[in-house]
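Worksheet: one structure, shown below.
Each chain carries a letter (A, B, C and D) given by its place in the written order, and its residues are counted from 1.
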Amino acid sequence: MQQSTLVRLKENFELNKSILVVGLPGVGLVGKLVAEHLVDELGAEKIIEVYSPHFPPQVLVNKDCTVRPVSNIIYYAKVKENDVLFLVGDHQSTTSQGHYELCSLYLDIAQKFGVSRIYTLGGYPTGKLTCEDTVLGVANNTKLIEEIKEYGVEFRESEPSGGIVGASGLLVAFSKMRGIDAACLMGMTPGYLMDPKSAQSLLKVLCRIFGIEVNTESLEKKAEEMESILEKLKEKEEQQTIQEVKPTEEDLRYIG
Amino acid sequence: MQQSTLVRLKENFELNKSILVVGLPGVGLVGKLVAEHLVDELGAEKIIEVYSPHFPPQVLVNKDCTVRPVSNIIYYAKVKENDVLFLVGDHQSTTSQGHYELCSLYLDIAQKFGVSRIYTLGGYPTGKLTCEDTVLGVANNTKLIEEIKEYGVEFRESEPSGGIVGASGLLVAFSKMRGIDAACLMGMTPGYLMDPKSAQSLLKVLCRIFGIEVNTESLEKKAEEMESILEKLKEKEEQQTIQEVKPTEEDLRYIG
Amino acid sequence: MQQSTLVRLKENFELNKSILVVGLPGVGLVGKLVAEHLVDELGAEKIIEVYSPHFPPQVLVNKDCTVRPVSNIIYYAKVKENDVLFLVGDHQSTTSQGHYELCSLYLDIAQKFGVSRIYTLGGYPTGKLTCEDTVLGVANNTKLIEEIKEYGVEFRESEPSGGIVGASGLLVAFSKMRGIDAACLMGMTPGYLMDPKSAQSLLKVLCRIFGIEVNTESLEKKAEEMESILEKLKEKEEQQTIQEVKPTEEDLRYIG
Amino acid sequence: MQQSTLVRLKENFELNKSILVVGLPGVGLVGKLVAEHLVDELGAEKIIEVYSPHFPPQVLVNKDCTVRPVSNIIYYAKVKENDVLFLVGDHQSTTSQGHYELCSLYLDIAQKFGVSRIYTLGGYPTGKLTCEDTVLGVANNTKLIEEIKEYGVEFRESEPSGGIVGASGLLVAFSKMRGIDAACLMGMTPGYLMDPKSAQSLLKVLCRIFGIEVNTESLEKKAEEMESILEKLKEKEEQQTIQEVKPTEEDLRYIG
């Protein structure tokens, strides 16, 4: 354990001109779903573990009743000709200052591994129950914006108007000072529940960028399950106008 | 990115006997409106950027969909015979300790640039819907109070009775220990919404102090827009005694 | 007093292959009740005091009107052939970062005293008013799980599903990186009040592990007192359906 | 200004076997009222100013419209044959960790000035509208308890049962580790408003301890004013059973 953030690194690992994909928990878990899906489908290899006092003081229980601390993990995979790192994790920082500290750490790691481009993945909360299939973007330079538009990412003037909170935003903004191109890609989502459908839209764009195709079966299955949960919620809502509607305990397994 | 506060400084920049004007976000955004108006009208030059883990962990989106971190910026302009620095920004510190740390940093910068006088600008919340055209002041020595009275600033015994929270107050109080004259000038404002009208009153006083005149068209336009929003709010209030009144989404563009 | 955590250590104290039992305040005070009961019954000797700015800024008043700071204490006792350390205390950390810091400190101490196994004790909140006599477990490796099962500890797939918050969980997870076997043993408890009955179940398991028997009279007496308080609460609840039920001041002496 | 706590010390000041009296803001402002009254009546001399980022990020406005930072101040006075230091201030720490840090600092100062005894002053909240004239005590050793009883301080088994929060408690508990005798003396008070009457009772005890008499006119006048405010509040309460009662703005000048 540690007072300061602890980084455990697989040694003798060198990369050049690599790409970092960031999918930490956030709105609708869209970014996390996409990045973890790619880690699974590409058989990416774990190379870095990050433990931090800025994470919740909590441990998670595995299926076999062993426990593990909250962590952020970096995986590596060769994606066509590209060396790609995937940053995923259980939680983001619980404190403002921790967000800045961890993002600084991730950019140090990015520089160490010769990262020349970063894609952070997230959800764009619309507050509406049904969403377009759109992926919105922001970036840290206009040349990159022009390039990414080609892949079907939409850029809307001054959007998101409320800014972007957390690692997805900070990494894009601060990577500029380190000379790294970076963009944040956001799937549109109601923002209330885990949204594997929005994740599918975002995954499609990312695969286009990397020039690959991946099996999306597991995401589709999750999307169907969420769809049926939402259907049930809507039915209940119609039945009861006044009573408060709560998802059943089983439904809740899908949240978070 | 950084764990500690990061200062990016234009090199080879030296000043003597300069004046620092501080207009950070606060009550009614009065101080921010005035300082940013002067930066625009005087064509002031950006010389220092400050990024801090004490700001919200958030990025802002520009019109062209590029992003920028939350920051405080110092601009420079020659104002008649005076070298003037303008400190403006997106946010103040989100933590108590950050307020002290950032103010200490700003006073270090002030000393480095030979600042011999500081004016911090702010709003004085009255809680009433209509306000006088008055500008209230406090200062870190009585000689300065006598001098500033000449420009039409009012000084009321022990006012503001609740003290002054944030950078506007701390900079005035702590600059005394560094031998810098400092005053806080406050436009009276209801305190609920952005108040460009109060900003105009405060700007007038500041221009008198600097012996200059500036175009106030843009502030006047903003004031008219706010006026019409307030009119609408009052009308709605008269129509509905019980229903809760909310500004429309369009109205809200003017807040904050 | 201190800004950083202060450790006061009895000097010239060396152990080898020792066991650490952790019973800090938590759900139903189950772990604290068990560990303090063992400290009393075994006549364990105080060897370390820990004071920390992460504890509440508060002092406690002894019976004789002297005061003492909030602390965590480590006691030592020979339990059959084993050297056993007991970590008990008034409070856990009040901050997230403090949890990580203190757990790191406790593992440093554990290594210093050659601890090769850790048992953290806690309560498992069921939210129901009556509970089974079950003790649930998690551990930091599967071999240890198999061993502990022999003593009647139950291991349920992925349980507790919400993870474990605080020192009981962190110590088990992070001790793995230091090569220390560790398990968390949890008595099932409603989780609302101090639960000496659940503590008795947990104590039984722990005694089986150590191969000892201890007098449980004082725990039984506390359990009877709580039982009668709960009876009274239930009676009142039946009498008044609408009125809010509060335990009397006397009852409350038993809480916390 | 400073990131860390700043201590401004009058140089060449040495004491031996001195006494520290602590009256920082707390319940009913009892301790602060007593200590500041003594500072005034004894004409004590300011020798140390403490500024800290653990205080609120705020400045206070003097009668003449100059401002001053929130601070804690130490005054010195010769009281009969004793060298006495008085620690008073605008605020206590706003954070848990700040409480520990500042108390540690105050004990460092105490040791530097050869303090061999500390009295911290406070209020003991009863929650009842009328209070006894009693002064309750706790101390860091039983010998001191016996001594102080002689001056009319009451010691009640395990009281205050909820412990003591803040500097008054921490200073007494932690001074023991530094070999300094310390007691906390508490005037009984309803705890809702400033309580100059309770302060008078506490002052009487303290004067007995120091073997002095001081003019208490100003405290008596404050007590009469509060009495008349309370009378008005009670009258209003009788008139209106349902309406919420608020002290008038004028009344509030006496609070805090």
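Going forward, a residue touches a chain if its C-beta (ideal position, glycine included) is under 8 Å from a C-beta of that chain, and two chains touch if they have at least 3 such contacts.
Bear in mind the structure is a predicted one, so any value in this text is a computation, not a measurement.
J.: When you check each chain against chain A and chain C, which touch both of them?
T.: none
J.: Trace the shortest chain of touching neighbours from chain A to chain D and give its length in steps.
T.: Minimum number of steps from chain A to chain D: 2.
J.: Could you check if the interface between copies chain B and chain D is built from the same residues on both sides, meaning over half shared, or from different ones?
T.: different
J.: Between 0 and 180 degrees, and as a multiple of 5, what angle does the rotation take that fits chain C onto chain D by Cα atoms?
T.: 90
J.: How far is the middle of chain A from the middle of chain B, if each middle is the mean of its Cα atoms, in Å?
T.: Once rounded, the distance between the two centres reads 37 Å.
J.: Calculate how many whole Å lie between the centre of chain B and the centre of chain C, each centre taken as the average of the chain's C-alpha atoms.
T.: Computed value for the inter-centroid distance: 53 Å.
J.: Going through chain A residue by residue, note those that touch at least 2 other chains and give them in order.
T.: If we look for residues of chain A contacting two or more partner chains, we find none.
J.: Quick check of your reading of the touch definition: is the inter-chain graph here a line, ring, star, complete or other?
T.: If you draw each chain as a dot and join those that touch, you get a single closed ring.
J.: Mind listing each pair of touching chains for me?
T.: Contact pairs between chains: A-B, A-C, B-D, C-D.
J.: Which residues, counting only chain D, touch chain B once they are in their complex?
T.: Checking each residue of chain D against chain B gives 1-3, 51-69, 94-95.
J.: Provide the residue numbers of chain A that touch chain B in the complex, in ascending order.
T.: Counting only chain A, the residues touching chain B are 93, 96-97, 99-101, 103-104, 107, 137-142, 145, 155-161, 163-166, 169-170, 172-174, 177, 184.
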